[in-house]
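Quick one: the structure is below, and I'll ask about it shortly.
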Amino acid sequence: MPETAARLRRYSYLGPAGTFTEAALKQVPEAAGMDWAPVANIGEALDDVTSGVSDAAMIAIENSIDGGVTVAQDALATVPGLRIVGEYLVPVNFVLVVRPGVRLADIRVIAAHPVAYGQCRAWLDDQVPRHQHLPSTSNVQAVVDLLASDPDSAASVDAAIAPPGIEDHYPVEVLASHLADNPDAETRFVLVSRTAAVGEPTGADKTSVVAELPNDRAGALLELLEQFATRGVNLTLLASRPIGDRMGRYRFVIDAEGHVKEERVADALLGVKRFSPRLVFLGSYPRADRVAATTQKVYGDDVFRDARDWLRGVLDGSPDAED
Amino acid sequence: MPETAARLRRYSYLGPAGTFTEAALKQVPEAAGMDWAPVANIGEALDDVTSGVSDAAMIAIENSIDGGVTVAQDALATVPGLRIVGEYLVPVNFVLVVRPGVRLADIRVIAAHPVAYGQCRAWLDDQVPRHQHLPSTSNVQAVVDLLASDPDSAASVDAAIAPPGIEDHYPVEVLASHLADNPDAETRFVLVSRTAAVGEPTGADKTSVVAELPNDRAGALLELLEQFATRGVNLTLLASRPIGDRMGRYRFVIDAEGHVKEERVADALLGVKRFSPRLVFLGSYPRADRVAATTQKVYGDDVFRDARDWLRGVLDGSPDAED
Amino acid sequence: MPETAARLRRYSYLGPAGTFTEAALKQVPEAAGMDWAPVANIGEALDDVTSGVSDAAMIAIENSIDGGVTVAQDALATVPGLRIVGEYLVPVNFVLVVRPGVRLADIRVIAAHPVAYGQCRAWLDDQVPRHQHLPSTSNVQAVVDLLASDPDSAASVDAAIAPPGIEDHYPVEVLASHLADNPDAETRFVLVSRTAAVGEPTGADKTSVVAELPNDRAGALLELLEQFATRGVNLTLLASRPIGDRMGRYRFVIDAEGHVKEERVADALLGVKRFSPRLVFLGSYPRADRVAATTQKVYGDDVFRDARDWLRGVLDGSPDAED
Amino acid sequence: MPETAARLRRYSYLGPAGTFTEAALKQVPEAAGMDWAPVANIGEALDDVTSGVSDAAMIAIENSIDGGVTVAQDALATVPGLRIVGEYLVPVNFVLVVRPGVRLADIRVIAAHPVAYGQCRAWLDDQVPRHQHLPSTSNVQAVVDLLASDPDSAASVDAAIAPPGIEDHYPVEVLASHLADNPDAETRFVLVSRTAAVGEPTGADKTSVVAELPNDRAGALLELLEQFATRGVNLTLLASRPIGDRMGRYRFVIDAEGHVKEERVADALLGVKRFSPRLVFLGSYPRADRVAATTQKVYGDDVFRDARDWLRGVLDGSPDAED
């Protein structure tokens, strides 16, 4: 390696190649041609970022069927030094693959990531009613598990549930496609970097925070939501996660429409910050769906500026300040 | 008078001498020894201020029995260039006065300011059941009206309701004291000056504004009140007054605990300003009762500053900003 | 009068004939041909109802310029046994009347009810700049005061402000019309009877109550308003009146869209009743403007009934109750 | 079997014997001596109930570290005919077990239910840093997997994470105890039966529902929470779960303090029912912690009854109804 060679930017993702996470990473223009590092789980991916081994990590954060990826939510809530910088949506569907020559009727044990398995349950119950499920650690790992097993042993794995296109990477045959019960399922991924200055708004952004409540009254959650509502900030996600110290104590993962550099969002966060014993800012970033926030005129940046000008005039005693 | 003599500060008040308004003005240390100008009504008093004839005007704003002095509320809501700088409470009670020698049994027509008359109604109905009421423009003017009338004419005024101590100023005899139905009644006065820079908080202040709502939904008023509630700002007064253009449209006269130089009050006013099509700031001034605002710690100035510091760190990407 | 004659229904109103209150009473079809009793003030009118002397009383409750008629609001809040059964709007304008032959230039003293005087101030300042104001107890009484005064005395009254049509009742000449500053001003009247069973909804009704708050927190008023807002009930009036025991304690006079026999209104009142230390129901009655309440479908009577049916099924354990 | 033998009540639970779910079932006095049926997963347990094979099923619903058991939440939200009738808390801790004679240094592959694995991560990273994880379907199944594997094969399982006491059921040796990172962790279980009439309140109850929102505005969730807050009903859980049709649409799993036969809870549910396009009632049942609901006096059953009596009087026109 020549001395002057700049290190390529490095992206960690749940591997091996062929996973939905890799498909999400392919949506990132800046990642093209860079160093892509497959890792075994989300914790490892984020560790790579905090330790500086990687510049960013692509992690799944939510599935439209299964809900939040709790390990990702909890890691973002508790690991310092991370910032979400992008959001990506990947359609999720599955194929059933086997060693070449194996037929549907031969299948007894199926390797599958538990989330994938859950999404294909109806198809499997109908087509392979007597199967057994062997859990794998990723959708591609299921194929690795299939190929690693001894077809002649009593414990052989006969098939795997895998992402479409897997046959380009592994010597398997696709027996069936479109296994998922819901053909419109998709998974939401976020690209996470080390904490850095916030980027500029694009007009279609999202802001993510994690907030703890001052106490366990129902009123506290209401007060939290009012901080957003009174500034016209819509929420796209409100998920509760246990703080972990004892049953019944939760923190809330919140995705809000808009960017922290927009006045209404900044003002809402200030309100939450004053109120919450712990508020973690996860990032303001372009939305995957590119849908612009639906904001009423009264919550525009100019309205916030005008109000501050008015207040300044009030304090100074400017002649026309009171109106 | 030497050429170089500075003009004394001039205070307009509802006269003549002896009114409750004069009693309020006597509570103002800075007014002692200055030029006191009795005027005929609140409009005249405020005109004196806006035109520069007087430096300040003392006006009644609310009575604990009769409620808001609507002419004062409406003037403050619509006349530009005014600012409330102080608040004063005057206990209100009344005596019945007559020309010397007149007895209770002789009384037929009683001169009284309508507000005073209303407060003494029970006593009058009991003691002078067949009386007639002649409205006067002030409590002292009632005595003037009494003395001006011809005792021998059919239209003679026989008695007047007046403030205690009136007998020191006019040749009348006190027939009865403590006429008011409620012995604890008091009137709230405000000292009004021209618009000037806001003074410093004393820790026991009040802030007055007049706000119009964006439309006539019940929800709009709720949203207005939430601007105060979500910042922990208590209201001591919420009065509705017609805007005057058509039935059913109101502006709201609001007294809030605290001072506009306190963060929570300023922030609440910013919220109202963004929301309201018209917001008039009337002033932040020491409360007459000197009761400190009851504020929770989470609404303290330092909490607002900390939140802003936090937001700055978030935007800069400071390492520990997210927590 | 034959022995068997039934007593005519009797209506008390602020007289004498020719007042705006009489104009309101003329809008009541049932009152036509009945016994109309002019009285001197609102208290007397309501006394007639509670004592049984009259069957109903027409009283002014609000003016679009001057706001609530506080004596009426306070009487309804505190006198037991009354119920509002109708609402009426009367356009309010004024004429300037004189003894025949008197010219504008001759006018020095003008008799006027203080509210009327306030509404004509701009015209008077422009056309009769040097006039003096003599307060009268009603708009028609001003004419009586004019005619009773001695034109030759120093204290003669020269003109009166009166309702249009006054020349049909009294020997006066109209010198000018349309004196009021706001040509669209109107006064709202209510017809008050003794407490009786509530009538049926018309689809365009109003419900009036007076509520005290559990304490003086800003939050209490917010909570009161939420009782209406969470049931989709809009308010057309929220006025505060002092309870009277000490400064800063208020009751709220509330007009809500809809009828107590509509589920959403009844449910909101139940919520307020549970919450308020004192709630006075003043009546549900047809709106003067006949504007139907703007109610979303989710607040319809059928939705309330369906919810109760659902709850009954939940309690019974009906098979399809949970959905 | 004699003809007259009554069938024993049958309880399904996640087996085999020794699981935390079995520990929960042991807390049910009525289940003692009955027929206990171990099943492979939560879906099977609930199927047993809906099909009538079992009378009740004990299922895990939440862990204080991992949060909601989403498969249980989703099943309760979508499978008709179920009702929660009891709640139980089981302290959760773990031991590391091996085949007799195996030492810590020998361990390479560890079988563990993923939730258990997550809770012991810190201990494992410290004590067995190079281990691999094999996911199992239950904490006891991990031991079964350990014992079923061939110790001499390359894919042998060397250890399992299991509940304390497992050594009484299986021929294993406990190498280490108290593996869980949080020694106070506990899992919440619910006992589920077929839909039946709701039981009586005990004074320390919980009510569970699943609600969908009318649309995706932030305001809709706020409105949902207000239905509880305005009746003084505290929430102990608010969890969002995807409806599943598309990204960003959620239903909310709600646990509220109190019993549907308490007025405030019933009234809140009526409010939610009117508002929500789909509301599933899951049950009112005694709380595991036996903590009585913290209710203010104004939300007591008597206050609801008094309000209804008042409303009845208002409608009838009873003399003292308005106060």
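Order as written gives the chain letters A, B, C and D; numbering starts at 1 within each chain.
Keep in mind that, in the parts below, a residue touches a chain if its C-beta (ideal position, glycine included) is under 8 Å from a C-beta of that chain, and two chains touch if they have at least 3 such contacts.
Which protein is which chain? UniProt says A, B, C, D = Prephenate dehydratase.
What you are looking at is a predicted structure, and each value in this text was computed from that prediction instead of being measured.
Engineer: Give, as an integer number of Å, the spacing between the C-alpha centres of chain C (Prephenate dehydratase) and chain B (Prephenate dehydratase).
Structural biologist: Chain B (Prephenate dehydratase) and chain C (Prephenate dehydratase) have C-alpha centres separated by 26 Å.
Engineer: Could you please state the distance in Å, as a whole number, between where the Cα atoms of chain A (Prephenate dehydratase) are centred and where those of chain C (Prephenate dehydratase) are centred?
Structural biologist: Whole-Å distance between the two chain centres: 60.
Engineer: So, what's the distance in Å between the C-alpha centres of chain B (Prephenate dehydratase) and chain A (Prephenate dehydratase)?
Structural biologist: 58
Engineer: Where in chain A (Prephenate dehydratase) do residues touch at least two different other chains?
Structural biologist: In chain A (Prephenate dehydratase), the residues touching two or more other chains are 226.
Engineer: Chain contact topology under the given definition, line, ring, star, complete or other?
Structural biologist: ring
Engineer: Judged by the touch rule stated earlier, which pairs of chains are there in contact?
Structural biologist: A-B, A-D, B-C, C-D
Engineer: Which residues of chain A (Prephenate dehydratase) touch chain D (Prephenate dehydratase) in the complex?
Structural biologist: Against chain D (Prephenate dehydratase), the touching part of chain A (Prephenate dehydratase) is residues 62-67, 70-71, 89, 114, 118, 135, 137, 182, 184, 186, 188, 216-219, 221-222, 225-226, 228-229, 233-242, 244-248, 250.
Engineer: Which residues of chain B (Prephenate dehydratase) touch chain A (Prephenate dehydratase) once you look at their complex with the stated criterion?
Structural biologist: Those in contact with chain A (Prephenate dehydratase) are residues 80-81, 83, 195-198, 214, 223, 226-227, 230, 260-261, 266, 269-271, 273-275, 278-282, 298-299, 303-304, 306-308, 310-311, 314-323.
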